[in-house]
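As structure tokens, the structure follows; a few thoughts come after it.
Going by the order they are written in, the chains are A, B, C and D; count residues from 1 in each one.
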């Protein structure tokens, strides 16, 4: 059974065009050596150093998402967040035009209505403004975006003196674009990673966070971690020295803690010794509850998961998550609330070790099933592209036609994320059986289309249900029934 | 149970997609599933679909009853720039329905909707569950206007 | 050894004078029957009903402290708290002139500079304004004060339709006044309790919260609970039907949870069956940390203690506690933060059951030692007065000359509150030995005066130390040494 | 180590208490302990002490070097009403030292201190640890003025 809904092939990937304005133009950019010297001269801790220090102190570093279009607005936003919530690391969230190399659209919106941008168009603003922001703040900054091809953005970021950069050739492709072949995005990110290696030679270690959150909604832990392992191996080979593996809170305590605690094990298993690896939790990335109190409960819960999972860093959400990009006050409040989980008074909070150990065993075995056949291959990027084409790697709800989304996730009775359908994922029979057993308990052995859709929607809205938030208005009966016996090709999808 | 028997052999086609800079896929997947579940022929262009691509699909599927566009990332206005031109030039003739999260920020007001109507959007829905009813209305209106213009055999 | 520092006898207790203005005048007050009818006609839940409902739902009711002088300001404060934090019960905190029957001073300050009042002078404002406030709000209200003789305030409160009233003949005397004999305060509170019985006959149950917090600083749990048991017995005998036993968070998880869980056991043991008893936690009532993040950690911790201890209600603090009466925003934030502990996502948080069971056993045995000899006596108020005079009951840091404060509390190595000196408390030898053992681990067997003073100060500032907040400037060396060999009577106090 | 040998037989007396409407006892207990620890003779009137009671204690202990008043509940201004009159009428002659939390609310400004000085308070301290040094200074000043007025035998 497949729920796949791939867009027709055709519209090709956008080829990177240099932006018309701003200082993104390579001619005007400082060289890597100059940028490294600038970063050193700044005299602030790099993101990698902050992560090391927090880990040593047993503190989960906290970091907001934040980005607005205007430069002055961005400065005010960051300065306020730092003054009122003192996050350990700050963020420039990039608008989604810039992410997709739509530099002209970014610039036009910036000029016409900067508040219409869903992030800071760093390339349009240029690296001099990037430095101005950087110098305003005590905390180091990370660029958070979603660019299949981030080379220009990376260069501008480094020129701005920014020491942490999120993304990867898989994780910033499949959730973030429709038609960029994996070979292209993996290639572009290999370039970024190599530049990190170069900077490391100049004495500046860039923290490279991998976006294990992927499509964020019902992402099974082993999928997230497997993809991060592959990206981490590629990054390490290209010369990256500090890797943050981000995992999205799924909502089930033991499963999430197990996933976080798997990260050092996986690093030990699959990465060379010289690379520092940090576990990062992204506070729940799916559908957020709408009521403030409920959203705040979820924010605190996520922060506790990060603590219990031994994460080095937590990316926070706000009580406005369900509504739109948060205002500054909500962002401050989200950071402060999350920071409570760092309280020295909460040492007594424990998680069921047996349950965590069991989940960890499955996660590690599933990751092994997914990545080990690929890591053996000489050309890893090629192997990855083929695996996605054949469904041996897959993600749910892909934005891109380059993943099949034959994988259908569901929550089991306890709320943990399992595989209802694994498509062509190369899982052992034991794993398949375990998933089946856990999910049979929920819907019975052969759920029909309606049951499946309802169940899936329910799982997506999990936390709204936990908090008994009112459902969106019930589906009204259609006035005119469309064609009542769907064509054969569609019928397949209904069984 | 079909109220439009002359349509028997032609399934109802809908063109679906997400706006140009927007990669939010989940609602798009679910809307496609559920419209197909109701028997619609869904041409799903998926995420990151510029107006131009919607126009091309309209040319390819001239029977399409509506173009249904989702936008969640707040960029709907810039992303639909050119929609009015595509309609004026007759490249998009069927009604355009938009839904999702239609402005940047957590404090919404109606002005962003007014701007969308001004851009050439015909209908704005907040809940995808309202889609089937709207599509039925649009279909009925189209049938009525077809009758009026003498094009329908009853 | 004694650290007692009793004020010289002399200044007598103030006799209740009727206030000069306002509607406190009995002539103008509605009768109890009229007030009961008014309360019924209001159609809102009483505090007792809210407590029952919360207990049934497994939710800890949350309630702020809040009181400002001006009437419009008070209305705005309460309306904002309700709109933004929706506490289950609201509060009128009364100013300390009114508490001490200084009605003229309250009225003068109200007229000259209402913002100079540390609470709402309800008697000066009068019951009509009380009703106006009550009718503005969905939540029921409690009067929180500190009046050794609260009869006038009670009458005005009931006339205002307020269904919860804090205090007791011991707990609102010893921490709140210097020179009111216990016989007087116990008598005045018997009157209040009898009026509650009368109102119950008219169909309105007033929730009577006992102020087990006492002097708030290092109060040993068994002292707090023993005094509440005595007040509860008196209240029940006088006709009170709903009793909230408040316990002040001391800072040690297992001890605090044990104390809260002891409350239903004590109720079962010492109170008649027809009385409903709720456990209430007062969030840490001692010296609060000064930094906002630290204060917030403590607020959340307190709220978790309430949840784990099975409290029906939590009285919250704010991040401004160390500085002064909080502004509205801080109060809202404190309520919201505390409410997070009601999250359905925190069911996994557990407390060490064995440790709690052990603490509970000691607490219950100590309470039995303290109260059982008194409960046998025919005249309980008289027995209580004598016990305090002889040190068989005692509280630390008494504000009143009618308690000896021979009791010296200290924290053990784990932070639990123990007895360094029990004075004349009738504890069994086993209990005394346990306390001694636990404290020997801290200071050794015979701490000198300086060690004791330092230790005690450290214990008082416990949470500032936990959070490693900077100490107040070190004691500067005196320029001129005072008389270097203190007189004999003082020497006693130094050993 | 005594710098004022003529004082040998007379211990230094201090009158201590908490303002009239204020029952906060802990700091009061601790200040009394520690001044006594330093050898002072502390007449501790305890909590809830009106100005009148301080004046009576001054009459009873004419050698007292200072009246030290704590106030935490924010009511210090109303509670010390009458202090200026007690000083003017000579019922309180030694310096009055005040400390604690000297206004209602969490946002403090200096105006509340100005008001206190206007009421007849001579010294305001924030930390009780500063008390011994201040008492020493006050003592030295008193000794100096006693010398000046020819009352001291050196």
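Here is the rule we go by: a residue touches a chain if its C-beta (ideal position, glycine included) is under 8 Å from a C-beta of that chain, and two chains touch if they have at least 3 such contacts.
Since we're looking at a predicted model, the values are computed, not measured.
Steps from chain B to chain C, taking the shortest chain of touch contacts, total 2.
With centres defined as mean CA coordinates, chain B is found 30 Å away from chain A. Taking each chain's centre as the average of its CA atoms, chain A and chain D sit 64 Å apart.
Inter-chain centre distance (chain B to chain D, centres taken as mean C-alpha positions): 81 Å. Annotation, chain-chain contacts: A-B, A-C, C-D (touch as defined at the top).
Residues of chain A that touch chain C in their complex: 253, 293, 296-298, 300-301, 304, 336-337, 339-340, 343-346, 348-352, 466-467.
The part of chain C that touches chain D in the complex is made up of residues 3, 5-8, 10-11, 95-97, 99-100, 102, 105, 108-109, 113, 115-118, 146, 175-179, 215, 217, 320, 323-327, 330, 397-401, 405, 449-450, 453, 456-457, 460, 472-487, 490, 493-494.
Of all residues in chain B, those touching chain A in their complex are 1-4, 7-8, 11-12, 17, 20-26, 28-30, 32-34, 36-50, 53, 73-75, 77-78, 101, 103-108, 127, 129-130, 132-133, 135-137, 139-140.
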